[in-house]
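Dropping the structures in below, format is structure tokens.
The following pair of complexes shares a single chain, chain A, combined with chain B in the former and chain C in the latter.
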Partner chain A sequence: MEIISKKSLASRIVFYVAAFCVLLFLISLSVFYFFSKKSIEEKTIENALEITQNTVLKTEQVLISSEKILNNYRWLIEKNIAYADSMEAYTRRILQMNPEIIGCAIAFKPDFFPEKGYYFSPFTYRNKDLLVSTQLGNEEYDYFVMDWYQIPATLEKPYWSEPYYDTGGGNALMTTYSMPFYSSNNGDKELAGIITIDLSLEWFTDIVSSVKILETGYASVISRNGTFVTHPNTDIIMNQTIFSFAAEMQSPGLRQIGRNMQAGKTGFEDVVVNGRDLIVSYKPLLTSNWTLAVVFSRDEMYAPLRQISLVLIFIIVIGMALMVFIVKKIVEQQIAPLKCFARSSIEIAEGNFNTELPDIKTEDEMKELHNAFVHMQTDLKKYIKNLKETTSAKEKIESELRIAREIQMGMIPKIFPPFPDTPEIDLYAMLEPAKEVGGDLYDFFMIDDTHLCYAIGDVSGKGVPASLFMAVTRTLLRSVAPKQRSTSEIVNNLNNSLAIGNESSMFVTFFIGIINLKTGEMNYTNAGHNPPIIIHADNKSEFFEITQDIPIGLFENYDYTEKTRVLSENDRLFLYTDGITEAENWDEELYSDERLIKCIRAINSLDPTEIVMKVARDVVVHVNDCQQSDDLTMMSIIYKGSKK
Partner chain B sequence: MKCLQTFILCVLATSLFAQAQPNELTFTPHWLPQAQFAGYYVAQEKGFYADEGIVVNIQHPSASVNAFQLLADKSADVISLFMVTALQARSDSFKIVNIAQLSQHSALMFVSHKKNGIEKLNQLDGKRIGIWKSGFDEVPKALIQSNNYEVEWVPILSSINMFMIGGIDAMTVMWYNEYDQIINAGINPDELNIFNFADYGCDVPEDGLYCLESTYLQRKPELEKFVEATMLGWKYAKNNPDEALDIVLAEMKKAHIATNLTHQKWMLQCMLELIEPGTKNVKKGELAETDFHKTRNMLKESNHINGNISFDSFYKPVLK
Partner chain C sequence: MELTTNKKGDFTIAEINGRIDTTNYNEFETQIMDVIEKGEKNIILNCEGLNYISSSGLRVFLITQKKLMGLKGKLHLCNMQPAIKEIFDMSGFSSIFKIFNTEEEALE
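Moving on, here comes the complex of A and B:
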């Protein structure tokens, strides 16, 4: 099937059509062969039986007429049995009246006529056109022990002799019909002798030999003892019996047929002789107890059928070859436009939407395909045109966003360490927006020589609006913070500025702290932002208290609280946005505050850069390539103490 | 072609040596051509006689004139005979001598259709038994006589037709010949009751080679060559049965005798077995003295022969 599947469509169609046709032909041929065989068999058998019957009738007629002749003359002989010298005349008369008889003897029992001697048997036979009469019987020819005399005399029944060759007259195949005749002795019937007539079996052979059935079928006559009287093979005649032949051919079946013949049965049987499957139809000749057999080969019976079948197979093979050729041509012609369509589709795929389609003149499936291609060409042209426009617009937006990102990123400090000349403090921060631009922000700057202001925030929403809000917030922070020392004031100012005209109700969570680098005192305000973590010098960490204050930008004049904390030497702060704790993995599990504090506690480092990077790596491990949904912003500050 | 050559040779031999040339012998088997005499035909055909420097004419008896008669009128120099026939002749003062004993065993048997109900030998008493008219009847008659059975002997020429048609109750047959003819006429072996003479103390040797005593005395060298070549013929037939059978069949065809390969094959096999001495203390071709005495005594007891016939006077082996 793999080979077939690699062939062309035309080849596949032809293959399946041809396979179906072959199957159909095979079935048809088998059915034809089966029924024809049966019909031929029936007709041949019928013919064989008819031939057998007719041949038996023909041969029986001659034998029966011979029997009648002797019956008629026996009466005359018995009536005139006293006249020995008239016997020769009877034998001559029989021959004169019956040209088919070639010899006749009236053989008397020993010393029947004392004056005639021990043997007395007038015998007349034909010698060419003459009738020659003589006496049979002498010491050399003791006819009393001859079958033709002895058997009917013993059985007192007429007897057809086994066929024999006439040693005196040209080696002709003969048979003798013998019949006892009787004399009356004081009223008792006594056997007086045997009257015989000799028949040439030439006529018999002619009748039987004329039988032909099929190519080599023939008829044969088998004598009482199984001897072949006639047979197409003359070497077999009188030399073989059916039994010796069966032994020579090693055919037990033939022997059984011979025995059936001897039993006077009529039959129709199959037998294997010398490797040939033969059919034998046989019927007894009731007069002589011989059997006529019609023999023919089973192979020959089916030979014409085999010939016709071979011719049919030849025609089918040629027809199939022609059919395959023609069907292939037709199919190839019909599907030829498909190749053009394939080429056209490749060109279309390569962008040549105006490529020429094959010209279809028929109104069929191929035309439908053509129309579909035309439609596709038109739609593709429209689509590509739209796509170009959309892509152009998108590219423009993306370009603008890239610029916006650069601007946004430019707004936050990115130089670390930011204060190399201020040993009391070190700081590191990072911001990774989820989109081109984000709403997170961080910032830090020195208000004066001793005060560091730092802040982190997260604008509600994402993208361009959030980034704009973030920019406004950061700008406001930079303008407000340097003038204030109170984080709550800074936040209040920011809130009031952002809340005015905030129609889109955007807000920002915000944490801001100011550290006095001399004292470590830190005041801070948390406007709804995630509580930062403080990592003490002994590495113990904790979240700041949760704020009660709301994010900025929501309500004008909201008064934010300010808290104070004193940082010890090497205390570290870790600030972050909810993008960290709410980072999701594929199972939608959050990074969480617990994992964050656990991570922080495990870091044990004084380097803010290392703290931020390790947390960043831990978040990456957690999300495991799951798409980032929110901006990630972290800031870490270490207070190293006053360096007075 | 070979047949033609043989024929021409025979004609030449006959014309050249019509006056009984010293190296010419006429041999007559005791029956018509068949595998029973395969050794002689093979010796003739293969040139074993010619190799010995003798010319042998094989002349068969007719259906009515037997070999013995041919020997008597000196038409034949050597004949094959049953030993019993020879002993009878000798008893009748016919001076014949045995120069070689070929068949060491009896192949004689009575057969009867099982349907006749003759299961034991004594059931033959009072029955009609077919027997050859042309002779070979001494042992059957002696066997029946020794058992004091009264049977009606029905003389038969040569066919098995009387037996087949039920004209007789039993028939005397030769194991190698008529028995197989009966089988080849459609009777199965298991449908026959067989009385093998050997089983009833009559295992007497059969086919032997005989000549007149005068011939023996005058032509011993040729006789010796004849027997030597004949034994060689039998040996060849044993080793080449198919070829031997072809020779036999050709001989039979020449004589217009109906036969077939199956029957002649059977006969040849039987003859080759009969030639083997078996447990008898003689070589092939020799006559055992015990066999001689047994046969002679049996014939005496059955009154087939009179007087004393000595082994030495009867048996004159020519083989060295």
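Moving on, here comes the complex of A and C:
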């Protein structure tokens, strides 16, 4: 399957069709072969039996007519038994009347005619066209002991001799039919002698030899004791018996058949001789107790069938080859557009949506595929157009947001240390918006040589609206603060400006402080912002007290309170927005005030940068990759004391 | 965040459950404005189930307060969890809103 699946669709279809056809042909051929074989077998067997029967009839006819002839003459001889000299005439007469008979003897028992001597047996035989008459018996040829005389005389029954070669007359194969005849003495029947006729077996052999069945099938006659009387192989005629032949061929089946023949049975049997499967049909000749056998080869029986099958297979193979070729061509032609579609889809995938599609003229599945491709092309074109538009719109917004962020970050001082020439103070701050722009802010600046103003704030909400509000707050702060020394005045000012027309109720939590660098005195105002942490020189830390002042931007003319405290040398301030204390991890746990102050206490550093960075790191550890939800802003200031 | 309301005397009691942050303050705003639009002027926000509020959420509280003040109605808050109360204190909102310990007190 591995190999097949790598081939083309056409090859695969052809393979399956061919496989199916081959299977079909094999089944058909097998069925044809099986039934034909059976039919041929039946026909051949029928034919063989018929041939056997016919041949037996033909041969028997001759033998029976010989028997009849002898019967008639016996009657004549018995009637005229007193006339010894007419006997020779009878023998001549028999030969004259019956051309198939080549010899005839009337052999009397010893001394039957005392005047004729011990032997009396007139005998006439054919010598070419002449009839020659003579006496048979003498000292050398004592016919009384011959089979042809002794057996019928003893049995008092006619007797067909075993076939034999006539040594006297022409070396022909012969057989002799002997029959006893009797004399009547006072009413008593008494054996008088034996009358014989010699029959040439040439005619017999001709009949049997003329039998042909299949290619090499033949008929054969086997005598009573198993001798081959006729056989296509002339060497074994009279030289071998069926038993000696069976022994030579090592065929026990043949020997059994021989026994059956001797028993006068009729049969139809398979036998293996010399490695060949033979079928033997045999039937006895009732007159002589010989057996006629028709023999043919099983292989030859099936030969025509094999031939037809070979022709069929040849035709099928040629047909299959043609079919494979034609089907492959047809399928390839039918699916040719698929390759074009594949090419088109690759081109489409590469971005060429206007690629040409194959031209389909038929109204079939190919047309459907074609229409689907057209549909896909137009849809893709539309989709890509939309995508380009939305992408460019998005990119525009993103680029605008990027610019907005740059502007916003530009509003916050970011050079540290900010006041390298002012040894009393050091400061560090950072701001990390959750989105591109945010609502947190911080700021610091010197109002004059001795006063540092710093602020941190957090606008409600996030993103663009918050960032706009933050920008406004920061701008107002820079315009208001330089004229003021009072933080509450600054915050009041900011609040009044922001509260006017604040339709959306945005607000800013805000912490502002002003430090006198000479004295360490600090006044501050907290408008709803997270209380900062103060870290004393001895590292004791605490939150500022909570004021009740509300965030700015809510109510016009709200009066904010101002507080003061004095910073000692190395006191540090830590300011932050709620993005720090409310930073959440995956379990929605807040970073919390407690953890913040614990962290601050653990830092124990005089460097504002280190304080901010370490808190930032601690927040990152807490958040643990959870998405930053709010802006993070921190500022740390150290008052190093007045340097005189 | 879930908001369930039921009427008790002159007041509609709205129970807040869950958190109000930047992701869902809009939802909270729409729901509470719906209540006001139905003609309810006196509202008690029961904050027993409120476990977190961001500045965006605080803004919705403020808008609600301003709206009801304009209608000459009342907004009472009650049953705040300590953490929420702390946020209100810290941001000064405790001084803007009327905050009660229990619903019964808020009803009086």
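Everything that follows uses one rule, which is that the second predicted complex is superposed on the first by the 391 of 644 C-alpha atoms of A that agree within 3 Å, B and C clash if a C-alpha of one lies under 4 Å from a C-alpha of the other, contacts with A are read in each partner's own complex, and residues count from 1 in each chain.
Convention: a residue touches a chain if its C-beta (ideal position, glycine included) is under 8 Å from a C-beta of that chain, and two chains touch if they have at least 3 such contacts.
Here the structure is a predicted model, which means the values were calculated and not measured.
Undergrad: Going by the touch definition up top, name the partner, chain B or chain C, that contacts more of chain A.
TA: Of chain B and chain C, more residues of chain A lie in contact with B.
Undergrad: Touch test for A:493: chain B only (first), chain C only (second), both, or neither?
TA: Neither: A:493 stays clear of chain B and chain C.
Undergrad: Taking the superposition as given, does A:582 touch the first partner, chain B, the second, chain C, both, or neither?
TA: Once the two structures are laid over each other on A, A:582 reaches chain C alone.
Undergrad: State whether A:551 touches chain B only (first), chain C only (second), both chains, or neither.
TA: So A:551 only meets chain C here.
Undergrad: In the overlay, answer first, second, both or neither for which of chain B and chain C A:205 touches.
TA: A:205: touches no partner chain.
Undergrad: Does chain B (first) or chain C (second) touch A:516, or do both, or does neither?
TA: After superposition on chain A, A:516 lies in contact with neither partner.
Undergrad: May I ask you to decide whether A:227 touches chain B, chain C, both, or neither, giving the answer as first, second, both or neither?
TA: first
Undergrad: Contacts for A:238 in the overlay, against chain B (first) and chain C (second): which applies, first, second, both or neither?
TA: first
Undergrad: Would you please give the residues of chain A that touch chain B in one complex and also touch chain C in the other complex?
TA: No residue sits in both footprints.
Undergrad: Using the touch definition from the top, list the residues of chain B that touch chain A in their complex.
TA: Going by the criterion above, the answer is residues 62, 64-65, 133, 154-157, 159-162, 164-168, 183-186, 188, 256, 258-263.
Undergrad: Of all residues in chain A, which touch chain C in the complex?
TA: It is residues 458-462, 505-507, 509, 527-531, 546-551, 554-555, 578, 582, 588, 590, 629-630 of chain A that touch chain C.
Undergrad: Along chain C, where are the residues that touch chain A in the complex?
TA: Contact set of chain C toward chain A: 21-22, 52, 54-56, 58-59, 62-63, 66, 89-96.
Undergrad: Chain B touches which residues of chain A in the complex?
TA: Chain A residues touching chain B: 139-142, 144-147, 150-151, 154-155, 159, 161-162, 165, 167, 171, 224-227, 238-245, 247-248, 255, 258-259, 262.
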